[in-house]
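Supplied in C-alpha cells, the structure appears directly below.
We just call them A, B, C, D, E and F in the order they show up, numbering each chain from 1.
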Amino acid sequence: MSDFPIPEIVAELRQVREQWRVQQGRTDTAQREFPSRDAVTQAIESLKGVLYPLRLGPTELRQSSEDFYIGHTLDTALQTLQDQARIELRYRARQDGDRDSEHSERAHELRAAKAVHEFARELPGLRKLLDVDVLAAFHGDPAAQSVDEVVLSYPGVLALIHHRIAHVLYRLELPLLARMVAELAHGQTGIDIHPGARIGAGCFIDHGTGVVVGETAVIGRNVRIYQAVTLGAKRFPRDAQGHLQKGWPRHPVVQDDVVIYAGATILGRITIGRGAVIGGNVWVTQDVPPQTHVSQTSPVEKVHPLPAAA
Amino acid sequence: MSDFPIPEIVAELRQVREQWRVQQGRTDTAQREFPSRDAVTQAIESLKGVLYPLRLGPTELRQSSEDFYIGHTLDTALQTLQDQARIELRYRARQDGDRDSEHSERAHELRAAKAVHEFARELPGLRKLLDVDVLAAFHGDPAAQSVDEVVLSYPGVLALIHHRIAHVLYRLELPLLARMVAELAHGQTGIDIHPGARIGAGCFIDHGTGVVVGETAVIGRNVRIYQAVTLGAKRFPRDAQGHLQKGWPRHPVVQDDVVIYAGATILGRITIGRGAVIGGNVWVTQDVPPQTHVSQTSPVEKVHPLPAAA
Amino acid sequence: MSDFPIPEIVAELRQVREQWRVQQGRTDTAQREFPSRDAVTQAIESLKGVLYPLRLGPTELRQSSEDFYIGHTLDTALQTLQDQARIELRYRARQDGDRDSEHSERAHELRAAKAVHEFARELPGLRKLLDVDVLAAFHGDPAAQSVDEVVLSYPGVLALIHHRIAHVLYRLELPLLARMVAELAHGQTGIDIHPGARIGAGCFIDHGTGVVVGETAVIGRNVRIYQAVTLGAKRFPRDAQGHLQKGWPRHPVVQDDVVIYAGATILGRITIGRGAVIGGNVWVTQDVPPQTHVSQTSPVEKVHPLPAAA
Amino acid sequence: MSDFPIPEIVAELRQVREQWRVQQGRTDTAQREFPSRDAVTQAIESLKGVLYPLRLGPTELRQSSEDFYIGHTLDTALQTLQDQARIELRYRARQDGDRDSEHSERAHELRAAKAVHEFARELPGLRKLLDVDVLAAFHGDPAAQSVDEVVLSYPGVLALIHHRIAHVLYRLELPLLARMVAELAHGQTGIDIHPGARIGAGCFIDHGTGVVVGETAVIGRNVRIYQAVTLGAKRFPRDAQGHLQKGWPRHPVVQDDVVIYAGATILGRITIGRGAVIGGNVWVTQDVPPQTHVSQTSPVEKVHPLPAAA
Amino acid sequence: MSDFPIPEIVAELRQVREQWRVQQGRTDTAQREFPSRDAVTQAIESLKGVLYPLRLGPTELRQSSEDFYIGHTLDTALQTLQDQARIELRYRARQDGDRDSEHSERAHELRAAKAVHEFARELPGLRKLLDVDVLAAFHGDPAAQSVDEVVLSYPGVLALIHHRIAHVLYRLELPLLARMVAELAHGQTGIDIHPGARIGAGCFIDHGTGVVVGETAVIGRNVRIYQAVTLGAKRFPRDAQGHLQKGWPRHPVVQDDVVIYAGATILGRITIGRGAVIGGNVWVTQDVPPQTHVSQTSPVEKVHPLPAAA
Amino acid sequence: MSDFPIPEIVAELRQVREQWRVQQGRTDTAQREFPSRDAVTQAIESLKGVLYPLRLGPTELRQSSEDFYIGHTLDTALQTLQDQARIELRYRARQDGDRDSEHSERAHELRAAKAVHEFARELPGLRKLLDVDVLAAFHGDPAAQSVDEVVLSYPGVLALIHHRIAHVLYRLELPLLARMVAELAHGQTGIDIHPGARIGAGCFIDHGTGVVVGETAVIGRNVRIYQAVTLGAKRFPRDAQGHLQKGWPRHPVVQDDVVIYAGATILGRITIGRGAVIGGNVWVTQDVPPQTHVSQTSPVEKVHPLPAAA
C-alpha cells in the first residue's frame, strides 16, 4: 500500500493556519489554550448527578449514602470547572490584548476560584427551581405518568438543567463555558437556549426539537412552550463601521402563565402579556395583551380530489 | 487553591431534596431505584445488532456465524431488559402505594420475566415489519442508492427501530422503559414518536428532524412523513380537579398510503383518509377525505426590491 | 430465573433474514461487509483535529508541536478512510452484480487509495473554505464573542465541517461514506445537508435545527440560513416502471449573499437571485429576482380575549 | 477467506464440558454462577483508596473532601463485595449438595450482608495495622526515602494490604473471595501469601518476588522477610482414602522480631524463636531457638580459572 | 512553560534507528509490521472464555446459552489470530530475505488460515487436557477447596492454559505468536514456560513464581512442580562461527508421576525417572533413576546465639 | 438490603488518619499531592513507543510517518513527566519542611522543566544503549529467533527499558518517579532493579523472575544474568541513633563480560572480576578474580529408593 504525502499536506495546512493567524492578528507565538469540551461535559454530567442523585447519578447509589456521593462528585466537578474557568479567563484576556504574566495568571486563578465558589453556592437554589420545572412538565403533559419519568426522560427538563447551569456561568462572566454547556443540550435535544436568556420557574418545553430562545429573551413563571417555537430577534442593526451591534435587548419578553404552541415565531423586543396564548405556527412581531389568544385566521386551504393514478 | 464549602452545599442540597420528598409524599426511607439509562441504551444497541446483524452488529461479524452472535447478544440483552423491567415494576408499584415485600418482589420478577419473554417472541415479527419500512424508504427517496445505505444511515429507520421496540414494551405495560427507548431515538434523530403511537408497515419518515407523533396517534400502512410534521393533540381537557385527563384518544388517525409534507400540523382526533396528500406547512384540524390533496391557498407573499445598501 | 427460548427466536430471525435475502436477490453465500460507523466516526473526529488542531484537537496540544500531531493523526485517519473506501467499493461492486475476485479486490484497493489520496490533497483547501465560514458566523451573529467560540461551539460550523468533508467524498464517488459523515452531523446538530449539495464559501447556518438541504441544491457565497429552512424538491417524478427518477437537478439554486430566515421552505429547481432576502416561514416555489425581499403578507391573525378561567 | 468450522468445534467443546459435568457429579441443569474477578478487582481497588485516600485514591482528591470520597467509595465497594459474597455462599452451598430455594437464597443474602458488615467494621483497624507495616518498611530499607514512597511503590506493602483484607474475608468464611484477593496481589508482586496466614503488625517484605507463605503459617510482630523466602509445609499426609488431609497446622510459626533473608526455606510446623535471624538460602526444618542466627556453613565453593577461550 | 526541543530529538532518534536498520541489513523501505500484543491478548482472553465459559467467560453468561457465546467468541478470536498469524508469516519471510509480492502475500494468507483451522480443531482436546490439570491441582493442594477455585484463581492453571495454547501455535510454526502468548502468562504469574516444552496431562505447578521450563524440556503425566524450579540447559555450545547452536535437545526429560520441590534446579538433557521425587533446592545435572528420592545431604548449618544488642 | 454504617466507619478512618498525621508531624492542613501512578504509566508507555515505534508503538504505525508519531507522542509524554516532576519536587520540599509559596512553586516548575529537558536529550542515547542490550539478548539465548522477537516479548528487555529511563530520572534527582518507573517493570516482569544501579551496555537478563539488583550496584558491559540472581547488600549498619545509614556503596561491582547463573546470591561491596562466571545457586560474599569460575562443590545429595507405596 503506497504512503500518503503526509509531509506536504502538513506543510500546506500549516500555511493555511499561518494565514489565518496573521489575518486574525495573532502574531505572538505564545501558548494558546481553549476550554475543553470533554472536561465541560464531564463536569456537567457530574453536576446532574449532584442535583438529582438517585435519578441522574450512578445506578448503584443508595439514599442512605447520597451525601457522600454528592460531596465527592461536587468537589471533583467544581475543580474541573475552576480549571476551565481559568482557561477561559486567560483566553479572553489574550483576546483583549493582554500579555501573559505571572501576575495576570494569578489574577485569572483568583477570579476563576471566586466565580466557581459563587456558582457552587447557587446549586441548591437551582435544584429548587428545577423541581418547579419538573412539576410543570408533569402537570402539563397528559402523557406524563410520574415526576420521575419526567426527570429521567424529558428532553425539555434536560435542556433546562443545562440552561440554568449555563445561565449562572453567563452571569458570572464565563460566557464561553456557558455556551458550551448550552450547546451540549442543544446537540442532544434540539432545544437551543442562549445562556443569556432569563427563564422563570415552572417552565415546560414539550417535545422541544427546534425551539430557539435568544440571548436577551425574558421568560416569566409557568410558561409552556412547544416544539419549534422561536423567540428571536427581528433586526440586526449595525454600527457606523457596519459591524453588528452586540448586547442590546432584541428578543421578546414573555410574561407569566403564557402558552406558546408549536411552530410559533415571536420576534423582536415585544411583550407577550401575562396569560396570553399564542397559537401554533403564528408569526408575532408586536406586543400581545395579557389574557388574549392569538391564532391564525381560519386557515384557507384548498382541498381537492387527487387524480386516480397518484 | 482554597477549598469549596462542600459540606454546606451538601447540607443545603439535602434540605431541598427533603422538601421535595415531603412535598411528593415520599416519607418512607426505603431504597428507591430507577431504570438505568445506560442499561437500556446497551440493551437497545444489542437488539439493533440482533435485528440487523451484518449492518448494525459488530464489524467483524461474518454471515456464517451470525446465529452465534445473535443468540449470545440476544440472551444478554434480554437479561438486561428483564432486570430493568423488574426495576420499573417495583418502582411503579411503590408509586401506587404498595409496600415492598418478598412476595411483591417475587411478583415483579415473574411479571418482568413474562413480559420480556413475550417481547422476545415478537422480535422476528418486528424485523419483518422493519424490512417493509426499509423498502419504503428506498423506494420513497430519489437520493437513496441501496437498501443497505438506508439501514446504515437513515435517521427515519433508526427512529422506527426504536419505536417498534418501544411500542412492544408499551403494550407490555412497561411505559417507562418504552419512553426511555423512544427518547434515545429522539435525542439522536430529532424524531419524537410517543411509544403509544400505532404505526403500520412501510412507514417512511424522511429527514425527520422535528417530527412529533403523539401517544394515541394511529398511522396506517405505507405512510410517508417529512420533517417537522406534527401529529398532535388539539385540546387538553381537565377533570373536575383541574388535572389533565390522561389516556383518551386525542391524536389523529392517518390511514394507509397518506403522504404528509414537511411542516404540516395535524391536530386532534381527526382522520386523514386513505391516499390523501397533506401539503407542506398546512394546518389541519378537521377530517380529510380519502384521495384528496390539502394545500395552502396560493401563498400570498410580498416580493419587493431591497434598498441598495442592504 | 427461567431461560429465554433463544434457539427458537434465533431460528425465526434467521428465517426472516433469509426471506429478505431471497427477496433482494442475495442468494450468494459470499461474505458481505459494510463500512463501519465506528471507523468513520473515528476518522472524522481525527480530521476535525487535523483541520483545527488547537481548538478541536486534544487538550494538551501545543502550538509548537502541532505539526507532529497533525501528521500522525492524519496518517491514521487516512488509513482508516482508505479501508472503509475499499469496503464501500467492494460492496457497491457486488450490488452491481460483480463477482468477487482477486483481480477486482486489487482494483478496489487501488481505487480506494487513489480516492483517499485526492481527498487528502484537498484538506488544506477545505480548511481555507471553513475559515471563511467561521468568519461569516462571527460577523453574522450578534451573540458571537470570538471566532474561537464559533469553532468550539456553533453547530452550524460543525455541520459545515462534516459537509465539506462529505462533499469531497461524494465527488470522489464514495457516496455511502459521504452519507455516513453527513448523518453524523445531522444526528448531532439537527442540520441535514445531503453530501451532494454544493455550498460556497462563507456560509453561516444559525441555530440550524431542522435545516434540510437536498442533494442537488447549489448555494453561492456568503449565504446565511436560519433554523428549519428547507431547500427541497417539489416533485418526485417516476419513470415508466413507476420508480423514482434519481439524480436529476430538483433542488433550488441560491445565489451569493442571500439570507433565508427561519422556517422558510424553498422547493424545486428555482433560483433565488443574488442578495435576495427570504422572510421567515415563507413558502417559495418560483424564482426570486436578485435584491428582492420576499415576506409573508401582513399576517392576518385573530387576537381575542381569553375567558377568565383559562 | 474461508470460514472456520465453528459449529463442529462448538459441539465438541460442549461434549467435553458435559463429560466434565458428569464426572464432577454436576447433573443438574440449574444456573451456576461464580464470583467475578472483575468485580473483586474493582472492590479491592476502591478499598485501597478508602484506606489510603491521598496516596492510593484518585489524583484529584483533596484532603478537605476526603471523607466524601471515602464514604461514597466505601459504600459502592461494600455493595459489590456483598453481591460477590452472596454468589460465593450460594456456590458453596451447591457444592455441598444444597438445592436452591427462595429460603436458602434469602439465607445467603443475610449471611453475606452480615459478613460484609463485619468486614467493614474492621477497616479502621486494618489501616492502623498497615501503618505499622509502612513504618517497618521505611525503617527497614536503607533505600527508602519517605513513608509515602513506601505506600506508593513498595510491592511488599501492596501484598500486605491485599493480605490483610483477604485474611478478614477468610475469617468471615468467604475463602474463595479471599483467595481471589490474594491472587491479585500475587500476580502483581510475585508475593504469594495464603489468606489463612496470620501476620502480626510491622511486617516488612522486601523485594518480595517468590515469597510463599502457607495457609497455616503464623508470623509475629516486626518480622522482616526478603525475596524468595518460603514458609511451607513439609509433608502432605493423606487420609485412609488417599486424599490429602486439609486444614491441619502444617506451616511454620515465626515469632516476633525475626529476620529471614532471601531464599531461605522454612518447612513444617516448627517455631522460629523470637529475634532469630535466618540466613539467606538456608533450609530449616526444625525449631530455631530465640535470639539465634542460623547460617549456611562456610560455603565450600570451587573457584578455578577459566580457559582463555571462554 | 518553555517548549521541548522536539524536532531535534526526533531527528536524533531517527538517526539511531537508521544506524540500527543499516546494522541489521534492513535497507529496504518497505512497510514493516509486527504481531500486536493487544490483539494477541484479546484473542487469548476470548479463548479462555471459550474453554471455560462459565468460569472465565463473561459474568452474565448462563449455561443455557453457552454455545452461542462460545461460537461467536471463537469466531472473533480465530479471525484475530489468523490476522496475527499472517503478519508473523510475512514478517518471518522478510527476515529470511523474501521480497513481498502479491503471490507471497496470498501464500501467507493461505498458510495462516490453514494453521488457525488446525489450531481451532485442537481446542476440544486442549480443554480435555486442562481438565486433567485442574483435577491434579485440586488433588495436589491441601488448601484447594474446589475445582472451581482452582480454575478461578490458581496461577499454575493460568500458566498451563496459556502454555497449551502456545504449544499448539509453536507446533504450527508460529513461534512468535506462541512466545507472546507464553510471555503474557509469565508476566502475570512469574511462571516462564517456553512454548516448545512438551507437557503431559495432569501437570500441577503450585505457587509457581520463578518456575522456568526450557524450550526442549519434556514433562510426562501427573508431574507436580513447586515454585522456583528450573528445568534448564547446562551448556550453550557454539558453532564454528561462535554463534549459539539453536534447536538441539538441551533441557531435561521428566517422566510420569515425578514431584519436584521448590527451588530445585535440573539442568541438561538428563532424565528424571518415573515416580522420582526431587527435594527442595537440590541441584541435579545427572539422570535420576525411577522411584528414587533426591535430597540435600543433612543440611550443615551453623546455629549460634546472637549478641544481646542485635 | 440493610445499609452499611458508612458514617461511623468514615469517622473511625478519619481518626486513624489523624493519628498517623500527628505521629508523622504533618499538622499543617495544606494540600498534599503525590505523583500519579496512572500518569507515570501513561508517560512510560508512550516513551516505549518513542524508542521503538514500529515494535512497541501503535499497530497501525507506518515507517513513513514514524517521526510524526514520535514527535507528538514525545511532546505529550514529556509534558506529563514534567507535571509529575513538579509534583515530586513540591512533595519533597514539604518533606524537608519547606513552606509552600508562589516563589517555591515557581522554583519547582523551573527545576522540573530543566530536569525533563535534560531527560529528553538523553533519549537517543538510551535507544543506542538499548539496541546493544537487544543484540546481547539475541546472541545470548539459543531460543531467540530474531531481534524483533526480543524487543516484542523478552521481559529482560522490558526491565532494561524501564531501568534505563528510571536511572536517568534518578540521576536528575527525581527518585520517587524513578522508583515508580522501576516498580512498573518489577510488577510486570518480577525483575527488581533499583533505579540507582549503574548498568553498562549489552546487559542480558534471561527469564528474570526474582532478579534483585540493589541501589549502589555497578554492572559493566556485556553482563549476562539469569533468573533469581541477587546483587544485594550484606549488612545494614546503623548510625548512633540506631537508624539505617542510607546512601553508602553497599552492593557488588560486576565487571565486564561476567555471567551469573540462576539463583546466585552476591552480597556486599565486592568485585566480580572481568569475565568471571558465577555458577547457579552459588553464594558469594568476597571478591572474585577476573576470568575465574565459581561453582558449588560437587553437590552432595542423597539419592535413595522410594518405598513402593509413595
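The criterion applied here is as follows: a residue touches a chain if its C-beta (ideal position, glycine included) is under 8 Å from a C-beta of that chain, and two chains touch if they have at least 3 such contacts.
This is a predicted model, so every value here is computed, not measured.
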{"item": "Shortest path length from chain D to chain F (each step joins two touching chains)", "value": "1"}
{"item": "Neighbouring chains common to chain B and chain F, by label", "value": "A, C, D, E"}
{"item": "Interface residue identity across copies chain C, chain E - same or different by half", "value": "same"}
{"item": "Gap in Å, rounded to a whole number, between the CA centres of chain D and chain C", "value": "57"}
{"item": "Computed distance of Cα centres, chain F from chain C, in Å", "value": "53"}
{"item": "Inter-chain centre distance, chain B versus chain C - centres from mean C-alpha coordinates, in Å", "value": "24"}
{"item": "Of all residues in chain E, the ones touching two or more other chains", "value": "1, 4, 6, 10, 31, 62, 64-65, 67-68, 70-71, 74-75, 190, 209-210, 228, 263, 281, 296"}
{"item": "Complex interface listing, chain C residues touching chain F", "value": "58, 60, 62, 64-65, 67-76, 79"}
{"item": "Touch list for chain A against partner chain C, complex", "value": "1-2, 4-7, 9-10, 12-17, 19-20, 24, 29, 31-39, 91-92, 95, 175-176, 179-180, 183, 186-187, 190, 192, 194, 196, 209-210, 212, 214-215, 228, 230, 232-233, 236, 243-247, 250, 263, 265, 267, 275-277, 279, 281-284, 288-289, 291-297"}
{"item": "For the chain E and chain D complex, residues of the former touching the latter", "value": "50-51, 53-55, 59, 62-64, 66-67, 70-71, 74-75, 78, 82, 109, 113, 116-117, 120-121, 123-124, 127-128, 131, 139-143, 145-149, 152-155, 188-190, 207, 209-210, 227-228, 262-263, 280-281, 296, 299-306, 310"}
{"item": "Interface residues, chain A side, partner chain F - complex", "value": "3-4, 6, 10, 62, 64-65, 68, 102, 106"}
